[in-house]
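In the two complexes below, subunit A is the common chain; its partner is subunit B in one and subunit C in the other.
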Partner chain A sequence: MTRSFLIETRDEGNVRILALRGFLDAHTAPRFEAAVEEELRAGRSRLVVDCTGLDYISSAGLGVFMTFIDEARGAGGDIKLASIQPKVYQIFDVLGFPALFDIQPAVEDAVARFERGAGEG
Partner chain B sequence: MRPVPPVAGLSRLLRGEVYSGNTVEDRKTDSRLDASRLESLLESARILGSSLDLHEQLNHLMRTLMGRLLVTRALIALRDGSGWRAAAVRGLTGVRQGDAVTPEQAEQAGLTLQIPIGEGPREAGFFAAPPPRRPGWPDDASEQEFLEALLSLASATIENALAHEEIIEANRELAQKIHELNTLVELARAFSASIDPEEIGRLLMLTLSGRWTVRHHALLAWPPGQAPLTLLRNVSAEQAAEWKKSAPQDGEPVRDGAFVLLPLRSGEATVGVVALGPPGAGEGYSQEDLEFCGALVAQASVALDNAWRFQDTLYRRQMERELELASAIQRDLFPKEMPHIAGLELTAANRQARLVGGDYYDVLGAPEAPLLCVADVAGKGLPAALLMATIQATLRALLEFPLTLTELANRANRLLCGSMPGNRYATLFLARYDAATGECEYVNAAQCQAILVREGGRQELLDATGLPIGMFSSLEYESRRLTLAPGDALVIYSDGVTDAQAPSEEEFGLERLCSTVSGLAGQTAELMCAGLLEAINRFVEETPQYDDITVMVARRVSETG
Partner chain C sequence: MASFERTFCLQVPSSTENLALIREFVSTAGEQAGFGEDETLRLALAVDEACTNVIEHAYQNEETHEVTVRVTVDEDAIAFEVIDRGRGFDPTQEPALPVEELIRRRRGGGLGLRLIRTIMDDVQYRIVPGQMNELRMVKKRRRAGEVKPESGESR
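Up next is the complex of A and B:
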């Protein structure tokens, strides 16, 4: 069973946006992991993950956020989440992510929080 | 949602039965008041009825009640089991939202006005405030009735909101259960699709860290006969080494400081450990969490075990393929058929050992002066086979030059010393036969003693004349000469013959070989060779042999035969 998962990247100022589409599960999490790792290796630690098109997230997908959050913050950046569908947000919420991550209603809000110098969530 | 019950006091209020004054002015005031009460009730009914948010409802009630009573302090307490709990608090320092309270405590705090929210079994809680500063209170019966009506109205909607909250909570729990189920199913699928232990390990740790928001974690595995697996995240190698020692020996998770250690099992043995740091959100691992954690790790254990087994098989297959290849190379090196040499019967046979040894035989050069060789390359498998090919190529190339046998051996040794890696070498028996005279010159580079069998059965052993080739490039080989008279045979063989083992582990040995050969004297080369192999077969029975068996028999045609 292969469900589609796409990552599109773009820049807004000095903030990197990773727009996710489809299913972030055990099969696709390694790809997302590689993508985030690549951003951090390239010195881009100000990341906003645009979840508008994200239809499903599993624990493995959530694990990617846990894997890199300390590193991103340690480098003076952050991994912020934005525009999460209610169904998907419920999972983030149930597992306690809002306490650990800066989650914003819209991508612009998340970008704006970087611009205000709110490096940490 | 439950229908809103009839509201106490409201009907009288609507009928206009409650009037406090008698003058026209009083009546005007009363009717204005009534109008504002009705308006407030209707507004409240609309707001309370349209919202399922408890917090919103209580805020509205507070605003309305405090506004009408002109109080700055107030409390709404809701039933919680057999007691009450503060659900909304205004202007109070001693009580916070969520605290358990009793009407008595509220009274002691000066909140002497207390009105129940709903009646009888429907009583959802109570409202408490200090004595109102509202003019006319407490004689204003219609205002009291209004308050009762409002709170009675609120009781039903509060109940609905509470039920709604419960449903939301149940939904959250359900969402969590569904998520856990999805995680299990998804992992099972992903695990079954992977044969790479590291991939399985990484996926497990991603899932665990995502599910419990874990920042510090480690996976260590030390499966026997396999490469160890180490995946660390925000954990030191020293710490990991400690966990390897303290890994649970049974299937149960154990706590180690802030960490939880879960064993990775293979059969009955612990072959690894998963260490999880404290969850970033929430309050540590509950028993239920540990059980689910354990289930995920157990699932990964099985997947890892399978992956390791698969790698084992893969390695074995690789080895088998390599041996097949080596065997094919070796077979291709042997001459397809023996050249025809005037006055000489020539036969050779090779039986490959189970693990492919390094025997090689050949007859090279011109038929008037053929070069007979039997070689045994040290080692087995592909490297040995490749070395054989090198020896063959070297000898063939050197035969293009007019060299004496010793020159040939010396040059072959020098060339092979340069091309043989490390500690590789070969034993080699080379004999050049003169078809015209029956004269034979040989070099024995540490190969087994060949046997010269005279027609009458008398035997001579042909000792080594030098060290194996490929060891020291400066070696100078010596040669010896002999003459094959008609009927004489030369039996050249590899150590697989004398080392052939019977089930009792007894070796065939030189003595048995000599007596066997002696018994075969006078027969053709082909019969001698076949007879010798048969004798070896009878001796070893079904015992698998660890070395190649090679026999070459060259017999000068008997003048009588």
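Up next is the complex of A and C:
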């Protein structure tokens, strides 16, 4: 009926951007999970999730971040979030995610955080 | 002593595909009841989480069953009842774990309940053996101009 969730990927330097659009719930989360897993299996652990077009997230979507965050950090990378709409941010906030994940106002900020961290080994 | 009460009911097949429909139903009811945009989104999220639990746990992802969402609005509160006829599982008996612990365990399942508990004012679970399971969630109304968040004495 409707394509309620889309993922577009692109590179900025050696950082992989996953831009999400639509509704991330228990129905669509498996697609996001597969996309993140594919990046990590391909050796890309420096990920920025661009949430500009994300209209909704439930715990199934949040669970994907939780599932892969240790693996990404263990491989020397991270899963950073950027450009979250206020209405979606309140859901991250309810769960205390801002203390656990690196959330940046814009994609460029998140990419810059990787570049700054890269020099420190 | 509610002077008015309205009830809305939605019954859908037990597929996660229908979560979007359930959220729209809850949002419409919330808006009609006078809840703001952010609060309506949180209500829809809580009901989404409850229905996801039913689909994944009570029905083990079998799509041939039904999930019922009943919304009752009165002048004091909005109440949601999520009803299924699957395996009874009382989510209110699950311990409320901190997010760090949920991350350490690498599972997202506990997060939904944590959201429900945070968003709603009252959460109760009822099993009628052999008939149905019902998760009842209540969100009280805050009446504009009557009670300010900072002060409890503005009567």
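The criterion applied here is as follows: the second predicted complex is superposed on the first by the 114 of 121 C-alpha atoms of A that agree within 3 Å, B and C clash if a C-alpha of one lies under 4 Å from a C-alpha of the other, contacts with A are read in each partner's own complex, and residues count from 1 in each chain.
One rule holds for everything that comes next: a residue touches a chain if its C-beta (ideal position, glycine included) is under 8 Å from a C-beta of that chain, and two chains touch if they have at least 3 such contacts.
Here the structure is a predicted model, which is why all the values come from computation and not from measurement.
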Clash or fit, subunit B versus subunit C on superposed subunit A: clash
Which superposed partner A:Ser4 touches (first subunit B, second subunit C, both, neither): second
Touched partner set for A:Val64, first subunit B, second subunit C, both or neither: both
Subunit B versus subunit C as contact partner of A:Ala42, first or second or both or neither: neither
Partner chain in contact with A:Val94 - subunit B first, subunit C second, else both or neither: both
First (subunit B), second (subunit C), both or neither touched by A:Asp25: both
Stretch of subunit B, among 185-193, 347-355 or 509-517, that runs into subunit C once the two complexes are superposed: 185-193
Subunit B and subunit C contact sites that coincide on subunit A, given as residue numbers: 25-27, 58-60, 62-64, 66-67, 69-70, 90-91, 94-97, 100
Footprint of subunit A on subunit B - complex, ascending: 172, 175-176, 179, 182-183, 186-187, 189-190, 193, 199, 202-203, 205-215, 233-234, 279-282
Footprint of subunit B on subunit A - complex, ascending: 1, 25-27, 29-30, 33, 58-67, 69-70, 90-91, 93-97, 99-100
Complex interface listing, subunit A residues touching subunit C: 4, 23, 25-27, 56, 58-60, 62-64, 66-67, 69-70, 87, 90-91, 94-97, 100
Complex contact set, residues of subunit C against subunit A: 15-17, 19-20, 23, 37-38, 41-42, 45, 48-49, 52, 55-56, 99-100, 102-103, 106-109, 111-112, 114-115, 118-119
